[in-house]
Structure formats: C-alpha cells, structure tokens
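Common to both upcoming complexes is chain A, partnered first by chain B, then by chain C.
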Partner chain A sequence: MLQISHVSKRYGEKEALRDVSLQLSQGEIVGLFGENGAGKTTLMKCILGLLAYRGQILLDGRPIVKKSKARLAFATAEHSFFPNLTPEGHRDFYSWHFPEFREKRFRGLMEFFELPIHKPLRSFSAGQKNQFEVILALCQGADYILMDEPFAGNDVFNREDFYKVLLGILEPSETILLSTHLIREVSGFIGRAVLLHRGEIAGDVSMAQLEDSGQSLLDFIKCTYRYEADRVSKALGELAGEEDGE
Partner chain B sequence: MMDKWSRYVPPGFGLKRELKFFTAGATCAFVWSLAFFFRLYQARKGLYILEGAEWILSPEAQMPDFVEILDSSLAGFGVVAASAVPWILLHYLYHWQGSRSIYLMRRLPDSWELHRRCLTVPLAAMAVSLAAAAILLLIYFGIYLTAVPKGCLAPGQWQKLWRIFGM
Partner chain C sequence: MSRYLSVFALAVRGSFYKVLWILAAAAALETGLFLVSLRRGADSLEQAVEQSGAAYGMALAFLAVTVFLWRTGCEYGSRQGYTLRRLMVSETAVFAGQAVYNVLCYLAVWALQAGLTLLFCRLYVLNADPASVSGQTVFLAYYRSSFLHSLLPLEEYSVWIRNVCLVLGLGIGGAYFPFRQRRGELGLAPVFLAAAVLLFFCRDLGDMGADVFFSLVSMVLAGYEISQIWEIRREERNDG
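Our next item is the complex of A and B:
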C-alpha cells in the first residue's frame, strides 16, 4: 500500500500541495483529476522522490528508499526516456537497473504498437513517443505505476487501444495512478477517482459508489468543483452587452 | 546486452564518439607541443657563430632556460583538460534536452548512475591530458639537457622547472 500522509509542497510563495492524504491499495486503478495547476504533477513527483516535501509517504509502511524505488514507475507527458537511445537500448538499460523488468511484455507491446526497435527515440512521432513512454513504465516491473497525462497528443483510437491493452495486461498486484483531463474516456477504465483542487484533495470516490448513486464521473467532478454550466453564456452575454452599450 | 564501456557515458551518447573528440583534441595538443623543437633549434643555432665556412660555439654563449624554450608548448593539453568542465555540463544538460530523462536517472535504485555516466569520461580525459603533459614535459626536458652543449646551460634548470608547478 502507498500511503501519502499530510503532504504539503511549496514553490516559493505558492502552495502547490496542502496537507494531502491519500492511500493507494495494490491492484487499484485510480484516476487523478484536477484543473491545470491543481497539483497533480507535483503530487506524483513527491511520491517519486523527485521533489522535497513536508509530510510522509510510505510504501508498505516504510519510507521509500533506494531499494524500494524500483517499485515505482513513472510515465510523463514530458517523457523520461533518452532521445538518442533506441528502444533496444532502453530495454537493456531497464533490464540492467530494474531486475523485475518485463521483457516479454515489452516485446509484446512493441509489436502491438508497431514501434521500430532500432531507431533512436528522437525520430519517433509525438504519438509514438507517448506510447513508448507508457510501455517503459508498464514494463519496469513496478507495483505502482504513475502516469502523468501519458496520452496527450495521441489520437482517440490510439488511446482506446491503450486502455484495452492496459486492462488486458495488468496483473492484480499492479496499481495505476493516472492523471488526465480525459475524464469521459477513462471513466470506464478506472476504479476510483481522486480530485485535486488548488493543492487539496477535493473528492475521493470509487466508481462503484458513483454507479450506485447514478452519477457520472464528469457530473461528480463538475459538482465537486461547483462548476457553473452557464458561466460561458453569462460571460458572452456580458461581453455582447458591453459592445451594444458602446 | 549493454556494452561494458557504454555504461560510462550518458545513454545514447556513444563512447566511440566521445573518444574520437578527445583523440582529436589530444592530437592537436601534441602537434602544438612540437613547436618546442622549433624554438629549441632556433635557440641552439643562436649559440654558434660563423667563422669562415665553419659554425663554432660562441665563447660567451648561454642557452635560454628550458621554461623559456618550452613556452606554451604544452598549453594545448591544458585546454583539453579544461574542456572537461563544459563536457561534464553537456552530459548533465543532455538529461533535460528533448525529454526529461533526469526523472528516470533520479528514480534509479543506483543513485550514482547519473554522476558515473556524466563524470567518468571527462574526468578520465582530464587525467590523461595532464599525465600526457607531465610525461612530455619530462621528455622535452631530457631532450633539452641532451641537446644543449656543456657549458652553455644556465644553472638551476631543475629549480626553474619546479617553479612551473609552483614548488
């Protein structure tokens, strides 16, 4: 279990995370939602130890140390692969550093997405780069896979394929924390939704609970954020009024 | 399998290319150092005077000091050694270019991996450059002592040599 307790993070004057507490059990697929700047990426970077923070993050009751680092994988829209290295080179690099690297899964996914194995990553298209980033995270052999906007730039069919593949290959011990803005798309894929708003947990609900209440994920998110559906029409009306008045 | 030596450069950099650049730099430094022989030849020639058809050693002739003849002959090796600093920077910056592979490097269970890959080759190149400069210094000094006629050598050459190192 990944336990995040009272985690806070400041960037100078700005408080990016405020007293965030969250638990991720093994095998869960959790969607992490929030507006731009809500703190999704910051939270993931804190979990991965890429940022210093206040609070505590424990993995199976223990702080994350060198040995347990390999139990966490990360796929980011910024990409964390080496642009000059080929997928083959990445495979060797990962196998060397992560003893649990899933070679068979790597081969299968590379074939499925028809990615060239001998070309350097810099020659890949944006979509292919995203695919490869996710493949690496899935094949590291980690128990907790953190994904930060991994499909930004991929077309809808490609994303659809990925959700299906993910559901098909994930083992019961593998946990996914997926940060995305594609709420409708992932609602059938995740089992739980966590909402961040201005650095705080604004909502945490399981998809089963939502189903029982007859509410869609999008409605739940809108409701939690107190989203005003008529905000745009009001603003446009005001703008039109101003122009008429001139 | 990963090549044993490629583990000492950033992934995707290629050790061969790195060594090629270093070899080119070291070769240039060596060629530059050969100017020592030209200066030695000129200074040695100045010890002699032409008498009739014969070159004879001038009675008051004194050879300039070794450090004067050496001048900046070994400076090229200093430049190659100093290039280790931008070289190291380039290695580190690579992890922010085109992607954020720094995230991966910092997530590795082996926390020395990043530094090993960024520092090893430039620091080794620096050490090799300095060692080559030291060896050439001794060789050139030996050549100087051998080439200068007895009696033309100014005293205290060793002390003057040590002064290069600030000793």
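Our next item is the complex of A and C:
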C-alpha cells in the first residue's frame, strides 16, 4: 500500500500541496483530476522522491528508499527516456537497473503499437514518444505506476487502444495513478477518482459509489468544484451589456 | 558492475560516433591544409605547420567535440533526469561515468593531433630538399613552434602536467555542465576553462608560470565542480 500522509509542498511563497493524505491499495486504478496548477504533477514528483516535501510517504509501511524506488514507475508527458537510445537500448538499460523488468510485455507492446526497435527515440513522432514512455513505465516491473498526462498529443483511437491494453495486461498487484484532463475517456477505465483543488484533496470517490448514486464522473467533478454551468453565458451577457451601454 | 557500465555506456552512446566523425573530419582537413602548405613551400618544418593553419583545425575540432560531449546528458526533448534519479546507482556515478568518458575523448583529441603533427613531420622530411633537412629538424621544430611544443612538450614537464590537468578539468567540467542543466541551472565554471584552452593552449617554451597557473585553475575548477555536485546531492538526499 502507498500511504501519503499530511504531505505539503511549497514553491517559494506558493503552496502547491496542502496537507494531502491519500492511500493507494495494490491493484487499484485511480484517476487524479484537478485544474491546471492543482498539484497533480507535484504530488507525483513527491511520491517519486523527485521533490522535497513535508509529511510522510510510505510504501508498505516503510519510507521510500533507493531500493524501493524500483517499485515505482513514472510516465510523463515531459518524457523521461533517453532520446539518443533506441528502444532496444532502453530495454537493456532498464533490465540492468530494474530487476523485475517485464521483457515479454515490452516485446508484446512494442509489436502491438508497431514501434521501431532499432531507431533512436529522438527520431520518433510525438505520438510514438508518448507510447514508448508509457510502455517503459508499464514494463519496469513496478507495483505502482504513476502516469502524468501520458497521452497528451495522442489521437483518440490510440488512447482507446491504450486503455484496452492496460485493462488487459495489468496484473492484480499493479496499481495505476493516472493524472489526466480526459475525464470522460477514462471514466470507464478507472476504479476510483481523486480530485485535487488548489493543492488540497477536494474529493475521493470510487466509481462504484458514483454508479450507485447515478452520478457521472464529470458531474461529480463539476459539483465538487462548484462549477457554474452558466458562467460563460453570464460573462458574455455582461460584456454585451457593457457594449450596449457605451 | 553492469549497472555502472550501463550508465557509462549512456554517455558513450550519446556522442561516440559524432566525436569519431569530428576527429576524422579534422584529420582530413588538417592533412589537406598541410599538403597545400607544403606545395606553397616553406623555409622550415615549423613554418610549414604554421602556415597550414593546423592549430585552427585543432581548435575547431576541440570546440566541436566539447559541444557534443557537454550536450550529452543535457535535457533536450526529454527529462531524463527523472529516470537517472530513480536508478539503483546514484547520479554521482552517472556523473563519474560521463567524466571518465569525456577524459578519454579529450585524450583522443590530443592523441590525434599529436599523431597528425608527427605525420606532418614525416611528410615534410620526405618532401624537403635533403640539404635543408638534418637529424635535428623535427626535434628543433618541436621547440621552436609553440603549437607543436604545446602538443608534445618533450622534456618540459610543466607542459605535460598542464595538459594532463586540462584534460582532467575539461572531462569533469563536461560532466558537471549537464548535471546542472538537468536541474534547470547553468554550470558555467567549465566554460571558462574551455575558453582558456582555446585562447591560451599554444604557448612558447619556458613559460612555467603560465603552466602552473593553468594547471591550478583547471584543478581548482574541477574541485569546485565536484564539491558542488557533492553538495547538491547531499541537499537532495536530505530533502528527499
């Protein structure tokens, strides 16, 4: 279990995370939602130990140390692969550094997405780079796979394929924390939704609970954020009124 | 062990072929220029080398190699630092691996240039009027020409020491630069050393003071860079 307790993070004056507490059990697929700047990426970087923070993050009851970092994988829209290396080079490199690397899964996914194995990553298209980033994270052999907007730039069919593949290949021990703005798309894929708002947990609900209440994920998010549906029309009306007044 | 070799290989894969191409191009260019210089005629070996512009060829090769070596490990189009910080080996080991590789590349630049100048000597002796060539021709040229002397300083040990210090300083600096760049910072200390090498590498015989100065500057900068990395990693460990 990944246990995040009272985690806070500041960037100078700005408080990016405020007293965030969250538990991720093994096997869960959790969607992490929030407006831009809500703290989604910051939370993931804190979990991965890439950022300093106040509070405590425990993996199976123990602090995350060098040895246990291999149990966490990361796929990001910024990409974290080595552009000069080929996929084959990455496979070798990851096999050396992550003993649980899933070679069979790597081969299968490379074939499924028809990615060239001998070309350096820098020559890949933007969509292919995203695909490879996710493939690497899925094949590292980690128990907790953190994904930060991994499909930004991929077309809708490609994303659809990925959701299906993910559901098909994930083992019961593998947990996914997926940060995305594609709410409707992932609603059928995730089992739980966590909402961050201005650095704080604003909502945490399972999809089963939502189903029971007859609410869609998007409605739940709008409701939690107190989103005013008529906000735009009001603003436009005011603007039109001002112009008429002039 | 293979983990450490793999991070060393990361640096190699990033620039090995580029460095090889640069060295091959430099060798072809400088040899061509020297042959032209021989045709134009020269009173001495050192004059033939000087008017060939081989020193500028070396400067260009040095500059190009430096750019490619220092770019390796920088984050362009990917935040590879995220992965490097999650490996079983520390990022300090990644830095050390890159530094060793850089030192080997700078040694290759030096060896190529030294080898080329020896080839030029051979070509000159074969083509020159036998009456103007003696057993001392090559030996004296390496004392008279500041370029030749700085490459192969014979018994002036202070230049040998300076060259070794420069190679070490440049190698370490070339690993320090991307280490800082991955953190969104500019590690400019090694840039000054590279500029000093470009401007002051060729120096006349007997200037021991300058050799001591450059050796010290190179080692002080390398020490500063290593201490900076140590400090940054310590802070990150404490923070993380």
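Just so it is clear, the second predicted complex is superposed on the first by the 246 of 246 C-alpha atoms of A that agree within 3 Å, B and C clash if a C-alpha of one lies under 4 Å from a C-alpha of the other, contacts with A are read in each partner's own complex, and residues count from 1 in each chain.
In this section, a residue touches a chain if its C-beta (ideal position, glycine included) is under 8 Å from a C-beta of that chain, and two chains touch if they have at least 3 such contacts.
What you see is a predicted model, and the numbers here were worked out from it, not measured in a lab.
With the two structures aligned on chain A, chain B clashes with chain C. In the superposition on chain A, A:106 makes contact with neither chain B nor chain C. Of the two partner chains, chain C is the only one touched by A:52; chain B is not. Judged by the touch definition given at the top, the superposed model places A:220 against neither chain B nor chain C. Once the two complexes are overlaid on the shared chain, A:132 sits clear of chain B and of chain C alike.
Within the superposed three-chain model, A:124 lies out of touch with both chain B and chain C [touch as defined at top]. On chain A, the surface touched by chain B in one complex and the surface touched by chain C in the other have residues 48-50, 66-67, 69-70, 72, 74, 76, 78-85, 89, 92-93, 96-97, 121-122 in common. Residues 48-50, 66-67, 69-70, 72, 74, 76, 78-85, 89-90, 92-93, 96-98, 120-122 of chain A are the ones that touch chain B when the two sit in their complex. Across the interface of their complex, chain A is touched by residues 2-3, 6, 9-10, 13-14, 72, 76-80, 82-83, 85-90, 236, 239-240 of chain C. Residues of chain B touching chain A in their complex: 1-2, 7, 10-14, 94, 97-104, 106-111, 113.
Touching chain C in their complex are the following residues of chain A: 48-52, 66-67, 69-70, 72, 74, 76, 78-85, 89, 92-93, 96-97, 121-122.
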